[in-house]
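Letters are used for the chains, namely A, B, C, D, E and F, taken in the order the chains are written, and counting of residues starts over at 1 for each.
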Amino acid sequence: MVPLENYLVLSAIMFSLGVYGVLTRRNAVLILMSVELMLNAVSLNFVAFASYLDPSKIIGAVFAVFVITVAAAEVGLALAIIIRLYRNRSTANVDEVATLKW
Amino acid sequence: MSQEPQSPAVEETPAPQYPGIAALIHKKLPSIPFVATETKDNVDLRIGPENLLELARGLKETPGLDFDFFNNLTAIDMQEEGLYAKYFFASYKQHHDVQVTVVTPPGEPNIPSLTGLWGAANWHEREAYEMVGLVFDGHPDLKNLLLDEDLHIHPLLKAHPLVKAEIVQGIEDATPGFKF
Amino acid sequence: MSPLSFGNHIPGLWAWFDVVIRIAIVTLVMTVIVMYLTYGERKFVARVQQRLGPMRTGPWGLFQAIADTFKLLTKEDLRPAQADRWVFELAPYVTFVPVLMVLVTLPFAKDWGVRNLSLGMFYVFAALGLNIVGILMAGLGSGNKYALLGGLRAAAQMISYEIPLVLSLISVAMIAQTLDLNVITELQHRRPFIVLQPLAFVIFYTAMLSELHRAPFDIPVAESEIVGGFFIEYSGIRWSMFQLTEYGSMFAWSVFGSVVFLGGWEWPWGGDVGWGYQLFLTFLKSFIWIASILWVRATVPRLRIDQLMAFSWKVLLPLVLLQFLMNGFILVYGWPEELLFATSSIGAAGLIGFIVMRGLYRPKSPSLVGAYKQPQGSSA
Amino acid sequence: MATEVLWWIFAIITVAATAGTVFSKSVIHSAIFLIGSLAGVGVMYVFLVVDFLALVQFLIYGGAVTVLILLALMVTRADPTGRPEDTDGPQKPFGVVVGGAIMAILIGVAVSTSWPNDVSDKAHGIPIDTISQKLFIDFGPPFVIASALLLVALIGAIILARHEEGE
Amino acid sequence: MSIWPTEREYIAGPEDFETVDMTINIGPAHPATHGVFRMILTVDGERVVDCEPFIGYLHRGLEKLTENADYRQAMGWWDRTDYLAGMSCEMAYCMAVEKLAGIQIPERAEYIRVMMAELSRIASHFIAIGSFGQDVGSFGTSFTYAWRERERIYDFFEEVAGDRMFPTYLRPGGLQMDLPENYEPRVRWLINSIRQGIDDLDGLLTGNEIFVERCRGLSEINTERAINLGLTGPMIRATGYAWDIRKDVPYSVYDQFDFEIPTGFGTGDVLDRYLVRMAEMYQSTRIVEQCLDKLPGGLVLHPDLPKTIRIDDAECYIRTEGTKGEYSVYGMARGGNKPYRMKLRSPSFCNLSALKELVVGHYVADAVIILGSLDIVLGEVDK
Amino acid sequence: MGADQAWILVALPAAAFVVLALCGRWLPRQGDVLAVLAIGASLVLYFFVLHDFLHQRDGLVNSHEYWSIAMHHTWSNVGNFNLNFGTYVDPLSAVMVGVVTIAGTLITIFSIGYMKGEVRYWWFFAVLMGFIAAKLMLVLSDNLLLLYFAWEGVGVCSFLLIGFYWEKRSAAEAAKKAFITTRIGDVGLLIGIILLWKATGTFNIQDILTAATTGQIGHVYLFVSLMFIFLGAMGKSALFPFHVWLPDAMEGPTPVSALIHAATMVVAGVYLIARLLPAFEVVPASLLVVTIVGLVTAILTGFMALATTDIKKVLAYSTIGQLGFMYIALGCSHPDAAIMHLMTHAFFKSLLFLAAGSVIIGTHHNQDMKQLGGLWRKMPITAVTFLIGSLALAAVPPFSGFWSKDEIFHGTTAWNGGWVTFLLGFAAVLTALYTTRLFVRTFLGKPQDQAVYDNAHETGPVMVLPLIILALITCVAGFTVFNGVGRAMGFPGGFTEFVFLHEPERFVMNWSWAAASAVIAFGGVFLAGWIYWGNRITISTRLADWQPGVYNMLVNKFYFDDLYQAGIDRGLLGFSYVVSWFDRYVVNDTGVDGVADTTRYSGSILKYVQTGKVPAYALGIALGAVGLAIAGLVVRG
């Protein structure tokens, strides 16, 4: 039987790799992907905890469903923003979009 | 313009009686000098390139003439007489048509472009440009149409050899014309 | 009892062995079917177009499929210099694997298939949703603009049509109260679900054509525009993988559609006779289904991308939501099943009838002769 | 036993794919590794006997999210043969430090905590109607809010991405 | 680029807001271009923002060849301009030579010429519509339907002239030979078959919702702009302007026939161009029928024709209604047995020059349809 | 159809409202028939409800728990908070529903004639239906929340109806004035409701009353919340000092005025107070407030009505005065008298308004009594019905107003000292005075404007018929106090025994009170008749000359409008000036600029952190998270 720690470590690795990606990548789509990794690590944690610790074993799955919903919404919006950005600036690199500061 | 010596065709005194449509055109556009002759089935107006734009605009925009249709442009190498551009205008409204011959003196193949008046003139002028080397001033995009982009020869010149043409290729900025 | 039965009655290592055998059989059968589907398509479309189709290789050109296979296998496998190597080479497999995955849970006869899943229907559309990834990989990895455009179109189209497709299937699942394909089939003992859900059927059929990139929704592969789209750079064995995917998924969708809507192996009298007859029923239905796809392809021109999107979002989606809502009402309030038929068939008849009527009441084009109008101001 | 071995295989695949996503030089490779990583998480759900969630993961992430991401890649790289871009920014050392720190903390906490080993009755999965019961009744309001969020995001995405006249 | 910039490092200017449009190249080897035509489309997503056509891949120097050949020798090359309707090209060329030389041809020859020209018009339109259906995306069915009738016409051409596509049947001064025996029931059967074929295509395409929706309202153009751009033939008739040289500037014996000029719905969109062609085929069958009814007896070749035609100074401009539009020939002779200049005004060339204006602003998929609706023949465009 | 299905009464006009508002424009006759059918059906069904209600009451113990039929539906459960809604039918609401449906039906029928050919004809009927539906919901509601909802619905519909001719600036202004003025009261009502809910945890009126009477709410708390509720009633009933909106509300079509005055809007306050009267009784001080406000209103508006020449405005002031009477009765813990007067007033006031509308239509939109006069020859039916209404208003026996006002007189004895009675008598004299003046100057005497007189004509049957019916009702409605009449109608013991507070009270004819009030009424009438019929109008002009200040004060409505305007101008603007000074010199110069300077200075230092690059910000967040996690680990060990 696979112990709970395995899942936790797996999700910790995924999460920190996601953090690394968010911090280092330049392309906005890549950052978005890294965010997806982090979200997945979190929902994996939810499900693992629920499977091992929750007697009903369901709440984790329900939460994962919500996480997926939010992720889908986030991807849709973020990609729309990226496409709009690309249309205006011909780039999807976040470094080149520093006009937050003029 | 009749004083200018380099337009021998126009120097002759205009015929007193204009045939067919030419009479109407003379009535409507008296200021433009032309020589009218009859071809096999039509009337030919002969003018110099400096009058073309005026005549064309008059033909197109004068009520009663209404030549709204740029039908054709034939470029002819008349050898020692220079290059001819034969325009063929027709009118959908009035049901008449006329042929206009523009005579360019040898060595000066410049004609004003009619692309501003008729959209149809664009490709015809490009074709005439590459085939005999007429240069249309004011054309927006005067470049080869049927031949290669960088092939600057003029095949429809009578002097163009028929076989074994030495094709000068790959010279982007060569002067128009073929080295004979 | 049928030779290969669903479920894991066999314990231990033998269960794995069992699965491998089943998958091997199903894959083999599917490959042969696909080979002859290409031949069948050429013949069928040729008949529609007053041609003969392949006639030279073997009697009636029967060996054409085999000859084609050998040709494809022995052709040089080209890879453009500008292609992204791994993406380019992986794409055909990523496209093909989901089709195989779908075949795992399709019931070809009673208790006859690889494995019966309680979430079977959900599994099928989850798996078939994956095959777009391979197409996108092909589009991105080929280093070709036509491929890129094809991939773009495929993605847009697939995202749009997945929604009415899934919702129409969920409508059926609502009626059946299960996602288990075997149970869904058994429930159609008396009447197939097409009787209860004609509107869902029409929407499913339309969206399925779009998912398969078949005419009139073959925009991603439009030959006259983008010359084959995403697989333009492929040749030989990799190209044949795409071909295999196309026809394999056509087959899978046909079996799936006939299971869900036409009663699969059950209707009529399938449950009473035996597995041979059930297999015959399944294949008959799915071949009729395929023939209808080919027929549509042979007659109908292609839609434009905006018309395609508009059709999905403005016509199919509202209608399928309507169907969904109606099913909900009928199930919650326990209204009779005839009402399902009535409401749904009104919608289906409206959708089809509208299109057919517009075709029928169009004047004949030779009769559209304007009287000879003398141009204005003519004096001649 | 077989389960453990399979678990390890898939765990390694998942981690490798995740690392590929983050470290890959090519955007497209990253996206494809992302698919692998998400699919790995789906397989983990299968190990945790939440089949429904696994299928949802495949359908939503495999079928929709990655497709959207690939679509965005296509749209934002009009020239597929264009210049290879520099995918990593100047923050790489910081990223290593912070990512490493987070990983250390999380793994440390996960390993050092003694979890109650209540793993009884894990063999059969959760029936789908139980999940729907939870989702639609107990978590009804959040569900409605989530769907409203999706709708709003949909509309917002359309408005953001659509072509305005005269643009 | 550092993390902590000390100076204002980046100020967005207009150059930063430029976006790159994708260019895609359609042709010269592309299924939709019906020959060796090439256009570079600049697209923004799926929408065409610019279109640059390239022609000349099939340029054979027709005019130069004609200048260097005997009047009769050049016949065969003029067949190959509009190679889908060789007979009507021959007719225009022969008329030009006859006009230059002042030859009057026998009446029977005129009627047979008209019949052949109309039959080749039908054949050309069948190809146009069949391949147009394929452009719209129907999988070849419209093409094979159209091809069947076109083959029957060509079978008849073969019986008449011995060749299918390039019959070289006409001669300056008349025809090569008279019609074969028993031609009349043959042509009547052919007309029936053509009308049946028109009905079939009508049911397949005009009765198809998708086909009509694809074409309706696409690339609309009004009459004035069409005239300015030099569009002729079905293109200008589709704008609602019933202009046909056969009626308005009658040549040959066209004033003897009763036929109508179709204008479709008169909106100038792609659907109308298609409808005009469909209706024109029907009108052509009427002309062919009347030809059969009115066909006089007598010779088919001018009896006193010299072996070598020599023409002194003369020029003429012959306007005929070709299958794609106004097919006109300018002829100039300055003595000798060769023309000094023969210039072809080919309808496809002029119609194609308007392509950019018609295509820009539509989808890529529509660009293909619009190109198909122009019904160009590259042999004619490139000369 | 039992009394437990009373919601249908609300649903019918509400459905008509929805249908008319959505597609009334395209209905045949623009849907007026639909409106009449809906409210008519409500009226018919009301009798079923009433019958059922009375039937159930038969043979029951005389305890009000058995006198009511309540229906509850759970609307929403959030935590331990239950939101119910339902209908509550007791004699009070039964009477109110009757008044609303009868008057509403007649007014709707009358509107068909009155509104003929107007723009937005369908919209008028739609809002009319909404108005009636909201009012019915208000009286049938069993809880304060639904009541408040209906209360606001009444307010919105009145806004829409008063501003019906919104192209006219005065109408739009009047609508705004009515809405804003009543809004002040509405806020008070909402506060009161919330306060009561806070104390009891329920919105149900009966539960609240039980809690109040059993002493679960502190007296001071109860007083405050009741005063807030009374504020709402004051706003809605246009009591002093909120009376300013009602005369202006005459800008609406006349049927609307009738509806507002007679049945729906202004009496909502009376209903509310009557409904909550048991709670008021717990705190006698609140009753005193009600009484005083009623008295002040009654006397003030009496004076104002004397100085106004617009027919409808006179009627408007009379309404406010009569409302004052009702509040006095409420203040005396005599809801029976108040409701009795409400009912009779509803009938005779709608009669008067409709008759006035008839006059307006008959004289082609002339409503200034200076230009009228002698109209009885031209419009006899209108004149007679108007006369009946006027006599009822003046409380001349035996018309209905006499009986109800007599009840109120009778009730005022509850207050020791008789000062209430005295002031009430004074107000009653004023009532008789201005009523007679109105009638005399409109219908009797010589025509003052010959052109108007010549063009005057009797109105059509669709308008006259409701007048006649209302006149008949006005004649007989007062007799419902008698036992015999009440028994014949199903409630033995008469009206006062039907609507009661603590225990039914048998009506006893107290001849001395009756005589006194009759004398008061006749006195007023004769005085006015002597002055106005006898063409002694010069008396009033002489009075005006003698005391121009008083006259001007009356004409200018005691300068209340100006007072409010001045209050807004001076008070608010002055206060705004102070605030703006504070803002400019204190907040802006030191506060904002100082903050800005600080920010600029710190920004000049901190700007190097703001790279404008998203990854840098993300790095900041991540570093913060790591720091927090480490800190947490360290703290927890």
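Throughout what follows, a residue touches a chain if its C-beta (ideal position, glycine included) is under 8 Å from a C-beta of that chain, and two chains touch if they have at least 3 such contacts.
The structure displayed is predicted, hence computed values, not measured ones.
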item	value
Per Cα centroids, the chain farthest from chain D	B
A-F or C-D, whichever has more C-beta pairs in contact	C-D
Chain centre separation in whole Å, for chain F relative to chain D (CA means)	62
Inter-chain centre distance, chain B versus chain E - centres from mean C-alpha coordinates, in Å	26
Cα-centroid distance, chain A relative to chain E, in whole angstrom	60
Centre-of-Cα separation between chain C and chain A, whole angstrom	33
Residue list for chain E, restricted to those that touch at least two other chains	1, 3, 10, 20, 22, 241, 243, 248
Where chain D touches two or more other chains, by residue	52, 56, 64, 68, 71, 73, 75, 89-91, 94-95, 98, 102
Junction residues of chain F - those touching two or more other chains	611-613, 615-616, 619, 622
Chain D contact footprint on chain C (complex, rising order)	82, 84, 86-87, 90, 118-119, 122-123, 125-127, 129-130, 132-133, 136-137, 139-145, 147-148, 151-152, 155-156, 158-159, 162, 179
Interfacial residue positions of chain F with respect to chain D in the complex	615-616, 619, 622-623, 625-626, 629-630, 633
Residue ranges of chain D touching chain C (in the complex, touch as defined)	26, 28-29, 32, 35, 51-52, 55-56, 58-59, 62-64, 66-68, 70-71, 73-75, 80-81, 128
Chain E-facing residues of chain C, complex	45, 48-51, 145-146, 149, 153, 215-216, 218-219, 222-227, 297-307, 355, 358-360, 362, 364-375, 380
Of chain D, residues touching chain F in the complex	89, 91, 94-95, 98, 101-102, 105, 109
